[in-house]
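Both complexes below contain chain A, partnered by chain B and then by chain C.
Moving on, here comes the complex of A and B:
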């Protein structure tokens, strides 16, 4: 039972990171029907920028508490990612807004490769280690181990998602975003500045990605110019699992994918008597994804609910 | 593909001497890019030194040109890059870095009749294919896995062992050899788990292993996975020794695992760099140009030297003649004496075991 609890905790922590990144995919898709493949790389840039800042702060004020250093890193990484996403949208996607849908998709892949290689040039090919500045106190919870950092990650994810939901549901900008998602043309006729709303969507997604990037690098203790790729792919799958374009779906999809992966890797070997090993972890996760899509082609919570209403 | 074009031919007077192109293939992008660039730099150092000395073959001055290519540690990219090098007319190839890329590429070099010397591929299968073109300057997994398996039981006193590998030719091969040797020495293998060479999260398999109560976890894989794995073992309260091969035994592993690297044991083929006959001098030369040595740079350097020594003996760069000369190699390299057996493996290689103490790899012992 304690092993099961541990796997569940492992999965929830991993899943809450997936969920945060998935939000960026789903928000952009919801409005533009564009899969922004560069989003994983924005996450990576967030981690890299934050690590650089943390390195500088550590050199200048080594006695500062670790949390303050991470906060300083976030304070720079968030605006940096927001500016980056703003630029990407303006340069790479906006000119193609009326082009066939395949064009911006290819551009997105191109941007993703450019960002990876830029990061490789700036930060090098080395894995960059996250300094051990965060508290690593362990707690026993129903026989399982959970660290302060893991609790932080889950709490910050939940907090970020709550803020996002409030923003989309309760603010003027949120209403403009929902309107644009339903129909760009009609929203424009109603006086919504669609360009600004789209920019805002990218920028908000990037801010969340920066938070996720810092959390991933703190959790695994490393950052690398390549880290955004797999994370992006998993997060994108999570968004599809929950129903792409649907914010609640991205959260649910992320958490579910994390838990499925953890349970899959943890039990698949024993359940199949060693026939399928833990390297089928991803296969298992994607098998569940395919199953869900076969029976619910628009994801668990449905695709772009508002659009269909 | 972002392969860096090597050489550049910027020096004057190059037109007077014939150019011999030598390929160097390693992952220059992706998670193992730091190791790949290290190999390429090791080869480049040797090439630059030989060019500075001046090389004369068949009475004519020749200049070596290194063509650095990126195989992304991907078997399928490796074959594309290998074909590209063959088509460019390289006379020999130093590489690849990983066993998983070296083996598929070796068929292409074999078919083209070009000598291939891998500085770091250790999978047994590489030289077991019967290719006369395949050589390596590093101890293979059979030798290393055997030492590791015996050391786990006799040296570290492990009885219940969990084995994880990254499903690459290297990781899987090493883990298989380790498992066989550990079993033969009297240990029980209580779990065999798998991951991949892109993963960073191992909590699920470590949790499952923890439930079986091992006293040692063996990982066949590289530092980008090993570092986080060491961390996650501590975080999950899995109090077993982490043991690995040469993929973990490098500076980067300690950086990635931080304080959780303490106590980790790993082996490396050959001698510690400072115990190598030419280690101190090599370190000075290399680090003044390229920065810290990752792992295999001395072997890449030696591979080029062995190749050029064979060219000198043959007094030719014709691959067919060089291949015959390579078999007669008896070279005092930076990493130690290099001789080949009939398969193209190095003979009499040593394996050294290291443990992390106070944030650095300390030599435990060298097994010959």
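Moving on, here comes the complex of A and C:
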């Protein structure tokens, strides 16, 4: 088995999930210049809600195909996350729109703590396992293995991203979002309801996060009240890597970060002569983040924020 | 600092008699552990010690965030470095048992060096970018601490380092119970006085720094970096100095923590600790020393007090319905959000910040630094 191809595939699968979460960060940052710390937790809530629904469906109709059950989970998780993000924006961010920058950052951290602990109270401290309802057939591909689940994850990610790009590029709402990101004042003068656009941005990001949450828990077979935290940090790193505020950048950054992580974890042992092992996987995201911010603060595809860094 | 009106006459009375006020303060600070220990039990003396430790950290972070306006979310890394250096140089882990007056400065200095190492490449970033980089740095340090037990055992991994020497002078150890008034008191009492001495020292340093040439340079950089540079301030060096100084404070506090606990593990140095210390500053009133002190007291004592929620539930419902430990963080999160919504300048805002917040409605156009930027 070819280790390089295998790690590349694993990295791309993981990376497509990072990319989905990164989209939520980048859209909000592009419009509000706010690091929405709670976004990782929204992803976690999405996974938890979907798992609960899947559990209920499994109990009620155990003969349904696995994909239908996951679809049912998504159908509940997506609106739940959308409502949650709408509420968060309204309560914790909107009143602080004109406050100093530190203020919404702190409320974002506060919301993040609240969501984590609420999830812990509701779903408990233990890991919740994702039932093995999705097909796990392995295929040979360029000398490496790829499972049905991995293919499924990549396809869903691509589909979600395509829908988002269409929405941003082709619809009225998308145009309003782009205008608001460029200048809130001018957009408002042109008749854009900026408050509504900002709400919509949060809600769309949360819907994507719900999809990502379900897929990440399906991929690892686990969900946990703390899972959103690291995922959120890495996704944010991915967004910065690609150029924050830039939708294509978030996708590219997510995929790249996934690949860097997988290859890094696969080769770090050989590179350092066994000094550092694959348990340093989580470090790569932060090293990449620091390197990007130091050498190319605007990210790979970003230009808009260059003057600010 | 603002004093509620109904206390103002008392305040004035004390202000007219500064020596008396100082003596009263000193006596009450000296008597505090005995009052607390007698009234609430010895576990609360330990809480008192932690209040002082957090105060040290908050004062250090306040230099970085409050004075220089650099948002640092990885501050706990410096605390961790100080703690681990102390553990390496004064525990059976490497068989070294250096005295504390050597170990503490070494730990503080190494933490300071790390502050410069982190600051040098990143300080041209501003605002929330810097926040994220420092956050990443904090996580990297923690992950290394967690994993550096192989190939050679530097940190002993997640198990942490045990049996760290307590602080001792000559034959006298702070780690042993002592006898006074015919009664034996636990070491937490002794550490209280030690930490109190350090805290007072830090407060004096922090106050003097604020009024110094460097302190004014920090304020200038915080308010408007371009204008500060135009005035001839070397903004890079000034910011690096703030970072290094905050890191040194953090490293020293970490060393004290290490000696006090006798045991450290990576679990004590998570991101949430960084956030907790930042919240102390924000809650109390950024850049204002009385505010920072108040914030440290509140955020250490309140979570401890919330432990009683378990007993209250048992009394009310006959059983513990929600584990108070779970509830604590939840309430903490709500408190953060509520605080920002209703009193964003903190409980005891500094005069400058108060003016900034008050002026916001009138003169919103004013250009300010990133962190304090009122977005129009």
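One rule holds in what follows: the second predicted complex is superposed on the first by the 296 of 309 C-alpha atoms of A that agree within 3 Å, B and C clash if a C-alpha of one lies under 4 Å from a C-alpha of the other, contacts with A are read in each partner's own complex, and residues count from 1 in each chain.
Convention: a residue touches a chain if its C-beta (ideal position, glycine included) is under 8 Å from a C-beta of that chain, and two chains touch if they have at least 3 such contacts.
Model, not experiment: these values are computed from the prediction.
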- Report clash or fit for the pair chain B and chain C bound to chain A in the combined superposed model. clash
- Task: Report for A:75: first if it touches chain B alone, second if chain C alone, otherwise both or neither.
- Result: neither
- With the two complexes superposed on chain A, say which partner A:190 touches: chain B (first), chain C (second), both, or neither. neither
- Please work out whether A:126 is in contact with chain B alone, chain C alone, both, or neither, and reply first, second, both or neither. first
- Message: Quick one: is A:283 in contact with chain B, with chain C, with both, or with neither? Answer first, second, both or neither.
- Response: second
- Task: Give one of first, second, both or neither to describe whether A:101 is in contact with chain B, with chain C, with both, or with none.
- Result: second
- Message: One more residue to check, A:297. First (chain B), second (chain C), both or neither?
- Response: second
- Return first, second, both or neither, reflecting whether A:265 touches chain B, chain C, both chains, or no partner chain. first
- Check the residue A:117 against both partner chains and state whether it touches chain B (first), chain C (second), both, or neither. both
- Note on the structure: The clashing stretch of chain C against chain B, among 261-269, 279-287 or 297-305, is 261-269
- Just which bits of chain A does chain B share with chain C as contact spots? 116-117, 120, 274, 277, 279, 282
- Message: Under the stated contact criterion, what part of chain B meets chain A in this complex?
- Response: 2, 28-31, 33-34, 36-37, 167, 191-196, 198, 200-201, 203-205, 207-208, 210-211, 223-224, 227-228, 231, 235-237, 252, 255-259
- Note on the structure: The chain A residues in contact with chain B across the complex are 3, 6-7, 10-11, 14, 116-117, 120, 124-127, 129, 131-132, 136, 138, 145, 147, 220-222, 224, 226-227, 230, 261-267, 269-270, 274, 277-279, 281-282
- Which residues, counting only chain A, touch chain C once they are in their complex? 33, 35, 91-92, 95-107, 109-114, 116-118, 120-121, 233, 236-237, 240, 274-277, 279-280, 282-283, 285-287, 289-290, 293-294, 297, 308-309
- List of chain C residues in touch with chain A within their complex: 71, 121-122, 124-129, 131-133, 135-137, 139-140, 143-144, 147, 150-151, 275, 278-279, 282, 286, 322, 326-327, 329-330, 332-337, 339-341, 344, 356, 360, 364, 370-376
